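So that you can tell them apart, the chains are marked A, B, C, D and E in the order they are listed, and the count of residues begins at 1 in each.
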Amino acid sequence: MVDSIFLSLSVLTIGSAIAALEIRSLIYGSIALMITLSGIAGFFLLLDAPFVAMFQLSVYVGSIAVLILFTVMLVRRELIFNKIEDPRRRYAGIGLMLIIMLGIGTIIIGSGLKSVETDAPSVDYKKIGEDFLTYYSPALIVMALILTSSVIGALALARREDVTSDQRTD
Amino acid sequence: MTTQLPPGFELEKVDDRIMTLNVGPQHPGSGHMRLIIKVDGDYIVSCDPDPGYVHRGEEKMAEYRNYIQNIPHLERPVIHDSSNILYPYCLAVEDLLGIEVPERAKYVRVIASELNRCIYTLYWLAIYGIFLGHSTMFMWSAGDRELFIDLLEAMSGARVTHAFLVPGGVRNDLPANFEERCLRQVNYFEKRLREYEDIFYQNPLLKARTEDTGILSRTDAIRLGTTGSVLRASGVDFDIRKKEPYDVYENLDFDTVVMKEGDSYARSRVPYLEMFESCRIIKDALRKMPKSGSVRTKLKPNPKGGNDEVYRRIESGRGALGYYIVSNNRPEPYRVKISVGSFRNLICIPYLLKGEKLGNMPAVYWSLNYWPVEADR
Amino acid sequence: MSTAVGIIKALNSGVKHLAVKRFTLRYPEQKLKFVGDGFQFNPEAGVGIAGLRGRHILYHEHCTGCQLCAVACEGIAEAIGMVKVNETWKQNKKAIMPQIDYGKCVFCGLCVDACPFYALYMTNDYELSSFTKSALIYTPGQLAIKPKMSQDVEIKIDDRGASHG
Amino acid sequence: MSTIAPEFRLSRFIASLFDIIFWILLIFSLVGLPIVFIILFYIKLPLINGQLLTPYLAMTWLADPSRSVPIIKSFIHTTFFKVAVFPGFGFAALLAAATIFIERKFLAKMQLRVGPLYCGKIEGILQLMGDGLKLMSKEIIIPAKADKPIFWIGPLLFVGTAGAFVSLIPVAPGWVVANPNVGLLAVFATIGFFPIIAVLSAWAANSKWTFIGGLRALHQMISFEIPLILSLLSIVILSGTLNLSQIVESQKHYWWIVFTPISAIVFFITIIAELERIPFDLPEAESEIVAGWLTEFSGMMYGLIQLGTYLKLYAFAGLFTVLFLGGWNGPMVWPPFPEDIVTHGITIGPVTAKFPGLPLFDQEMLNGTLWFVIKTAGVILLILLPRGVFPRIRIDMLLHNGWYKWIGLAFVNIFIALGLLYAGVLGPGGLIH
Amino acid sequence: MTNGLIDFVLVSVALLAIGIYGLSVKRNAIRMLFAVEMIVNSANLNLVAFARFIPNSQGQTLALFSIAVAASEVAVGLALVIVAYRMYKNIDIADFRSLKG
């Protein structure tokens, strides 16, 4: 059954997820997103996966949130506080959201997942390392390539073309 | 950039990236002045120095006071170098009034001037340390400066604003056993100065910070009319003490320090090496000085200058420092114009800072051996 | 490599100075020793006698009330004013003597140069702070008092560095 | 005219003291005591030597020392004590305060001056307290166009994150606030928060200087996090665990700095950069950008940032000790507690008093704390040293060094560690075979 | 474990729904990236939750992969946003329609 920590974590996560999309200022939106991602890390801790939780914290909060904040601060100040949306699309979106929630929710509640409980001991994080180096080693290499290429791509995209190296005028 | 544009001209096309920074009077990285700096990212696109914050109108004030009363006023612009800023005034007024200075007074003046040059240079070096974030550089220089302040206090009776040099000599004779004291402290200071080498001038971080930044070429240095250590750091061998010697400098044994690089490092190293030369001059002057004799020619009360004009200049801590005095048969001068080294070196700032990184701003700016109050007068 | 050597040299130089003597003067306990009793002037020879330019001392028996000191100060700091005193001196018929406002004085000492009667000298007293501006105005009576100073610290130089011993 | 305080009278001062005491007692007995009893009714009280700790029992420690010892002993093993006092915040804050004092005197000695002198009679030892009082009594000024919520919460978050970081450092065997299995990863996750706080509070202050400083802090911290993480990987490879306590235990015989000196150097340089100390104090470079991202902070907000910075300094120095210098390991110098006091009690004249809880701290803990503090103090001194010797470097030089030199050097020691491992010199347990 | 699998799955469904709402309604490019992050995170939560209840380590491994990919995706996405912002001085998706070669 749910306990108080789980309940407060889920309220925090979902509440800040809504806030991230709906709050007017993009900076506050980024902070709310940060709280959502930290809440997910909290869920990972509840699920006895501290390795993934810490990884989540250092990747999402340590780098992605910084990237997002950085991008937001690059944008003009009017745009940060500007909210552009269409009311009709908004109602349609809320409807879609409710349909997904209710639909998948009823399916899940009706399914056999409800009775899944476990008392098995949690998996040691050393097992993950073994996985990485044995069964998933090709995937790890591919992942490294993807990361490298994406970083290079991002740098190439965001590079400023009009900077001339000879800034000095003697 | 193909054509040479004045600073700030090409800003139209990149307007949204430009940030204007007022490195203003209240900023710890400026003196009593303002640099209006436009940065594009970390690069400085234009820099507009804006002196005038401490303008006191010393030149105008000098027209309402007689030649003796001007003395405490005219040393105010650079109180750290107050003997040197009075030196050309005294020379000019002596020319104007036709006074002969006793031989001993000339040596005493040279000693006071060189001691004060060391005080000024150490103060400047201390501020350079603060500008580079090197707090030890500040504390050591400020502490060793105390040695010279002590000597000048024994000589003149005041620690900072000496009012020691007057037309016709100096205010008072040297105190008893000043020579031994001076020699002892100057020798100790030379030892201390050699210890600066390891921690400041050979420090790889300081070198990396100042080398190849703000390069002023030889031709530019002459074209822009810089003086003093800035000019000598760009490879121009020009020192008024050598080229047009005044008082007894022609009898004394010293060299001019010249460096070829013309970067911030050279500009900061030339004054340091000149301090060694100053110590040499002091020791030589102490040796060659007449042991007794008058130090001040007695003036008439309230002397009047003739219908004449005169220009005299000396080498101060910041470069050439000249006085142009016009007199019209009255006890007060008709016009006093002070030509200072700081204001001339200030011209370089837009040229040197353009295209530099923002982090180089303090290193380049203060290496110009510049004193904001003197530029304003 | 030279960078590493330079860094090690700089560190070594810094660490070596941990053992060097402090230069700091601990002011209220220690006071610097000055040359002589203060700046004095010999009007006959036209030169001064070296000494600290601190607060003035006025010899009432020499002062003639000639106002030369006030005239000299007029263009500099306007700190000296002449006031009436309740004393009768043979040489001072007008019974006026200088009164000095140390809130304005710049301690240039040109008033001492101007005095031809050996009446106005300067002393070694430089501790003149007060709570009010009016307390900084020294009357001729106050100026006549000779200050008691205990200043005995000098710069000492030995092989462990200079210090105010 | 300056105003002068009214004349001090001792009798009036004592009367006012009595007045204050009277009102405090009155309010406490009318409001405080009922609240205390209501709280005591609801909370679960611990069992001490088989007895429930009632308020009455708690009061008896005033009279009977033999009862007080077990109560204190049960208290010092609570989580609250660990978080607030010993391995956690209080201990770290004490060391941080000592660091500030030592930094001032040490720097002063190097710069041929005396440092704080008059405050507190002995070499100005109370100077920090004076500064703290000054900061507390100063007005907190918030810029008119600042984003107030973020601006207010910035210093608090900074101290909070620094406290979280401190709580991960093991001081003695078993004396650590939080001991997760993935301790080192938790450290990485925690230090990832600092740049965000810096850049957010810099943005919130709405000033150009803070903004440039915040961006510099961001660049510097992000670029130096990578060599930091890489330099610690060799330790993880050698010890085979991420748990900080286990890493310390694995260094019983050899400190890891013996095998990973390059990592240690890289880690040392990166912690100076992470701490924004000279020569890497670019985010606060006062001659270029006033005070960087701290420009608009005033009063106790600035004080909190400084507290957080020094807590961070302690935590990084402790981390260096834990990872490279063997943590609490060291020869036993603390004498063991006398056995007969535990068994027979203390006899003073005719009275024999038995203290059931003695000793309060075991020998290992005291010894471990001693060694840990000595080593950490040494590391802190080394961190303070460059401030007197080096000037500040430039941001592009810093980033160039971070991305090219230190990352490359950090890789070197990983390969050395792997080589040692595969050559069979070292096992994952940390022992030489 | 006091919490059942279904609790985590429901939270993840809620997060997914919010993400889809954001993707469909918002026209701000950065906010759409937020929504994408939420969807990715709901998937990660599911992976780890199922892995905990099977129990199995491979769910966590996959979640780690997914986090890393999401990180690179955000980096590229934000770079695209910056490029688009430079071209159009706006971050409205509707303005990016004329993006061609």
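The definition used in the following text is that a residue touches a chain if its C-beta (ideal position, glycine included) is under 8 Å from a C-beta of that chain, and two chains touch if they have at least 3 such contacts.
Just so we're clear, the structure is a prediction, and the values are computed from it rather than from any experiment.
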{"item": "Third chains touching both subunit E and subunit D", "value": "A"}
{"item": "Farthest chain relative to subunit B (centres taken as mean CA coordinates)", "value": "E"}
{"item": "Most centrally placed chain - per-chain CA mean versus overall CA mean", "value": "D"}
{"item": "Chain separated most widely from subunit C, comparing mean CA positions", "value": "E"}
{"item": "Chain pair that, of all pairs, has the most C-beta pairs in contact", "value": "A-E"}
{"item": "Separation of mean Cα positions, subunit E and subunit C [Å, integer]", "value": "76"}
{"item": "Computed distance of Cα centres, subunit D from subunit A, in Å", "value": "31"}
{"item": "Centroid spacing, where centroids are CA-atom means, of subunit A and subunit B in whole angstrom", "value": "60"}
{"item": "Mean-CA-position distance for subunit E and subunit A (Å)", "value": "6"}
{"item": "Set of subunit C residues in contact with two or more other chains", "value": "7, 10, 13-14, 17, 23-24"}
{"item": "Residue numbers of subunit B (touch at least two other chains)", "value": "136, 143, 199, 203, 205"}
{"item": "Complex contact set, residues of subunit A against subunit D", "value": "27, 31, 34, 50-51, 54-55, 57-58, 61-63, 65-66, 69-70, 73, 125"}
{"item": "For the subunit B and subunit D complex, residues of the former touching the latter", "value": "19, 21, 27-29, 42, 129-140, 143, 199, 203, 205-206, 208-209, 357-362"}
{"item": "Contacting residues of subunit A [partner subunit E, same complex]", "value": "1-3, 6, 10, 13-14, 17-18, 20-21, 26, 29-30, 33, 36-37, 40, 43-44, 46-49, 51-52, 55-56, 59-60, 63-64, 67-68, 70-72, 74-76, 79, 83-86, 89-90, 92-94, 96-98, 100-101, 104-105, 108-109, 113-114, 116-123, 125, 127-128, 130-132, 135-136, 139, 143, 146-147, 150-151, 153-155, 157-158"}
{"item": "Of all residues in subunit D, those that touch subunit C in their complex", "value": "1-2, 4, 106, 109-114, 117, 385-386, 388-390"}
{"item": "Interfacial residue positions of subunit D with respect to subunit A in the complex", "value": "147, 150, 180-182, 185-186, 188-189, 191-193, 195-196, 199-200, 203, 211, 218, 222, 225, 242"}
